[in-house]
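Both complexes shown next keep subunit A, but they swap its partner, so subunit B is in the first and subunit C is in the second.
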Partner chain A sequence: MTDKKPDPRRPDETFEPFEETRRIPWPVYSIAIALAIWGVIMLVQTSTAVEVADKTQKEVAKEDSTKLAQAAAPDLDAGKTLFADNCATCHGDAGEGVAGAFPPLHGSDVVKLGGAKAVTHIVMRGIGGKLNVNGDGYEGQMPAFGSVLSDTEISEIASYVATGLNDDAKTISAPEVADIRKVAGDKDPFDGGAGLAGLINDLPAQPNSEAADQGADSERVARLVGQGTDTVWACASCHGDKGEGIETVPRLAGLPAPYLAKQLHDFQRGTRFNDSMAYVAKGLSDREIGELANYYASMSSPSGAKPALQGDLKRGAQLAKQGDWSIGVPACFTCHGPSGVGVAPNFPGIAAQQPSYVAHQLAMWAGGSRHNSPLGLMAGIGKALNDSDRRAVADYLASLAPMPAMDKTELAAMESNIPVREGVDQ
Partner chain B sequence: MSNKHPSDIPPRGETKSSRGQTVLRAILAVGGGLVLVVLGSLLVDFGLAPSWLTGATRDQSEAETAAAQSGGDGKQAALFQPPAESTIPDDDFGKSVRRGMAIFNDTGTNAHDFVGNDLSCSNCHLDAGRQAYSAPMWAAYPVYPKYRGKNKMVNTMEDRIKGCFTYSMNAQGSPSGGPPPYGSDVYRDLQAYFFWMSKGLPTGEKPEGAGFGKIDKPAQEPSRQRGEEVFAQNCAVCHGADGQGQKDINGKVVFPPLWGPHSFNWGAGMHKVDAAAAFIKHNMPLSEPNKLSVQEAWDVAAFVDSHPRPNDPRQIGDVTVKDAFDKWHHKHQGFYGKEVDGELMGPGYPSGDQASVPAQNENSGG
Partner chain C sequence: MNRYLPLAITALAILALATLFLVIAPGMQISAQGPSQGLKPYTEAEARGRAVYVSMGCLYCHSQQPRSLAQAPDAERGWGRASVAGDYAYDDPHQLGTMRTGPDLMDIGDRLPSQAWQLTHLYQPRAIASWSIMPAYPYLFEHKDKAGPDDVVVKLPAQYAPKSGVIVAKQDALDLVTYLQGMKRQYAPPKDGLRDNGYALIAEKQRDATDATTASN
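Take a look at the complex of A and B:
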């Protein structure tokens, strides 16, 4: 045996016991310990995450129940916070308004005479066109918040505006708001001061309504939208009856007509890719494209979007309002306009856009598969955002009130006159 | 080996022991490796790993990214990071800081009486006055009061802000007809904002990122004609083909006007082609800094700055454009007092009350 060299492949009989009685080598111990530590840390991490989630859920539940309990007495502090988040960008932190652009809410004769009830109607439906407040004329567009704020939230805001910003004593409760929603919820925005006349008694003289007769939309457009033709699928079957979109199908209502027309031409030409839309757009004539673009641009419809991607809304709000310059991203609203309502003709509104669509488009810009934006502006932005930023900002935008419809008379005068380098990415 | 259990000692010859050692070594190597992987991943997880190891992720290297993106022209000097908005204290000082920030970002609304055009401070001092190479306020605050040869006196921060109101904000066209008077709360709040923002920077030292940064001299004389083309391709989509900017449906300015009656006046620093070229190179087109070549930046700056705009507020009454040129503009690289396509640059627009122009301070360059 001793002179025979052991076969290195076959362990001899002494090998096994020798290995078995050996103490476990220290690296094995360290691996086990390290893995154990890792495991424990991971456990703690996930359990805190679960805890946080649980806690927020409980808080929400608690909030809901306390809200229910206090249905009669709206929470004015909550109203103040909601006001800061939803109204202050236009009407100012203290409701002081902006001379010539946004009417005041503090000391407004409309609020004083109409009280929380009138404010509820206005917040729910929005208002556009000529309006006099305290004798000063305004002609702006306020979005409709009916589709993005709950009855409780509207009751809190309206009560805060009536009693906190003004000295009215009467608040409005969530059930009362719900009743108003039943009768007025789907109505179009008020047509300026003239539209308010029926709602508020003794309102000082208001300018005449100028709403141009919107006229029946051409039969051809109605058919394209509603039924489609042999070569064109009905737009509404994907984009919704009110052009509000769903999931990765975008909201079209209220987007600038020149922007919409350009997108349809780009689908036709293949400079923007999407199989369904390429098929649809190829069946459209230039004239139909123009008419469809105007149709959707002047459509006023509620928001069909809700945060759905578990995005961090605070981060989303930061990106939208301040940007993150450390990654080279200015506020979305510097280009898409305050409140994200867009700047015609080249900057589409992004408020109330479908979150899955927004996140998807941002990813497509990052990956280079959408590359038809002027100067490649969105490519840089899409690339700078990571996945969680995209979800955060998409969800935040989905929580905003939809952009108001564009005025038909203005539409006619507007056209995209800006040179665009076709298909240039950067 | 001596302190090992007897059974540890290989009972057989060398081959046996060397095989045992190989196994031991393998276990040691694999085990050590695994330990390292586990520890490493834990470190990375908790962000304790040095950034050179993790490939400089975002949070850890904000400064470098910002420097690379915002016109450091390759300079890698670490840039000061102003504190986050969330750190503004919740007390009376914090309130003043917030008011200052509101004035800075929406000057026409929050300092309405003293603004005579469509601009806000943050239109030229980007990211609420925080962006390096757009004359950030954190870089300015620590170097004032400062002697300026231009008006041959020591300028306080208040003087300096007053300069930007007078010229960049064209205060002569404002409801009050001039900049905020000395001691106004507008200055108080703006300075509180700047002071808060520059926390931690040494006084008296100009930090990296101050001003608009350096721009090389162009290879060819700046050309308005080439500039017009650069403008159409790179600027018009936002600032409008006519340079008058764009507003949203409610009349809020989104893209500021670059010339014409609602822009900065002929006394403003931005009317100088060299200043505008540096600003544009490092900040425009918005979100795409340094996209333009040095030559393109000079060309488009020359194009932007060779259009009519409100008069230099010092050029009033008997003072002609020629006088103003000889007195204040002859050293500037600009179009003031020159003819462009047969039109004299400088007279501005006939406007109402121009009487209350600041007499004390001839501080140009704001």
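Take a look at the complex of A and C:
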């Protein structure tokens, strides 16, 4: 270094006048120390934040399991609350029912004769067929709650219905419910009163069961659903073997046939957008669309959905049951039926629908990329809901019990209403 | 420029500190995490499919890391819950990706479980969506006059179907689809699952505050 002669045209590159005389000033030290302390504090704070955020979901699951462990007598107050949340929309707050539509539970001969055990069976499996209660006839369309309520919750509801709404003395415990679930948990809904007669002795006369009539078309439809055609994929390969859907793929089981057919025609015409479904619908004939709509409408399957979007379930319940007039949103259930089971032919069931699908569709109504609802009803609602409302209502609907399949006779009556391709947009 | 020693020591110390907090500490944190409960190791076919995924460079356009709701509306898009470290336990190297030219694929097996859909889409994405910019992968398929007993025939619309014969999937295509079908992360994340939850907590507090003001109005 030293033997190089300095070049007069360039200053010395290594010249640093302060280096030897000055120390690092103390503010630099203090800033460095402060930064280090701040870093450590942030590290501790963030890790607690992660724990707290994880807690909510997990804690709920844990509480459920501890509850289950206590095999003590069912909590009737909890049963009353659960009844109000799950049953009262149809059966009334005091179980008085609605004449001609929903059977009473207070003073009902079915509950009297069958007790908490029969109620457990019915809550778990649901009912899909005509039945008589106290001598009056009812359509019998009860969702199956087995897939959405825990054993403890069912035991509380059944015990409340038997002892709180009626004067039965016998309650049912969670382990007993668990035993019933093992035997009957995955069975189809009761085929109306005729099905209940097998469960409850001495039940008064019940309407005859309408044996499921599998038409001659069923084999062709089954192939369409299970294997697809040369050009079209199998329906079940995305929508699931039981039509229960997944993520953004919607649940189809139990939706009204005219609604399903209209959606397929809309995909075909391009009035509802989804590339995959447009592809499928264009490969289907009108006849196949009608058959598929009936196939899924008459399908009963357990719920495949559960809350997944961290939505506020209380807010979701409020929107679904009461609506929110401050933002001009009516209750979902005013059109989509009590507990969101759907009102044929135009209003699909929304109970047990996949939360990602619901939230996504609401966002599409809001953005205008879906616009095929009757009278543009859903567009206004979609626009009024903000992101967290959409997640709240989607998660709440996912927590509900699925709707039962449509009655065969009802289906047959509706078939004439299924719109054809060139038909008027409903 | 005379104090080489203190300068060198300081530089090394800074590097060591950075390595400690950015490499060693997270490494210890992550290595303590086992695979998430519910996550299965790859089957042989899935592992082969994963190799195809890597060799095709799917990573350049598709990420495998759904974000938490505070960061992006991935859950609402149907891309699944935010991933945690344990979800990648069997991935070496992981395929996190940084670009989202296409959608996130962490949950594709849940979202699009159909083998037939995937095959059609790999053969010609434009057969399904005319606007798709994803490349077609015809070399993962062969054109045969007649499908053999074990061949998987690709379902194609007339526009893209061959004039005669059928398109069948090669082993690579089948493996890749098996891998994609196995991409399922819908099980509940472990309680101590490591992930960046972003501003979830702050967002929650803000929401509570807004709720309180709305209620008091």
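The rule we apply is simple: the second predicted complex is superposed on the first by the 337 of 426 C-alpha atoms of A that agree within 3 Å, B and C clash if a C-alpha of one lies under 4 Å from a C-alpha of the other, contacts with A are read in each partner's own complex, and residues count from 1 in each chain.
Simple rule for what comes next: a residue touches a chain if its C-beta (ideal position, glycine included) is under 8 Å from a C-beta of that chain, and two chains touch if they have at least 3 such contacts.
Here the structure is a predicted model, which is why all the values come from computation and not from measurement.
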Check whether A:A94 is in contact with subunit B, with subunit C, with both or with neither, and answer first, second, both or neither.
-> neither
Which partner does A:A73 contact after superposing on A: first (subunit B), second (subunit C), both, neither?
-> neither
Partner chain(s) touched by A:G328 [first = subunit B, second = subunit C, both, neither] | first
Have a look at where A:A84 lands relative to subunit B and subunit C in the superposition and call it first, second, both or neither.
-> neither
After lining up the shared chain so the two structures overlap, which partner does A:L35 touch, if you call subunit B first and subunit C second: first, second, both or neither?
-> first
Determine, under the contact definition given at the top, whether A:R391 touches first (subunit B), second (subunit C), both, or neither.
-> second
Now for A:T231: first (subunit B), second (subunit C), both, or neither, which partner does it touch?
-> second
The chain contacting more residues of subunit A, comparing subunit B with subunit C, is B
Contacts of A:V249 with subunit B and subunit C, given as first, second, both or neither = second
Contacts of subunit A common to subunit B and subunit C in the A-superposed view 14
Complex interface listing, subunit C residues touching subunit A = 1-3, 69, 73, 75-78, 80-81, 107, 110-117, 120, 127-130, 153, 155-158, 161, 186, 188-189, 191-197, 200-201, 204, 207
Residue set of subunit A touching subunit C in the complex reads 14, 16, 19-20, 49-50, 52-54, 57-58, 61, 228-234, 237-238, 246-249, 275-276, 279, 282-283, 308-310, 356-357, 359-360, 363, 387-388, 390-391
How about subunit B: which of its residues touch subunit A in the complex?
-> 5, 7-8, 10-13, 15-16, 19-20, 24, 27-28, 30-32, 34-35, 38-39, 41-42, 58, 62, 65-66, 69-70, 81, 85, 102, 109, 112, 126-128, 130-131, 232-234, 236-238, 241, 246-252, 254-255, 285-289
Subunit B partner, complex, touching residues on subunit A are 2, 5-6, 8, 14, 18, 21-23, 25-28, 30-31, 34-35, 37-38, 41, 90, 92-93, 98-102, 140-141, 322-323, 325-330, 334-335, 337-338, 341-344, 346-347, 374-377, 380-381, 386, 404, 406, 417-421
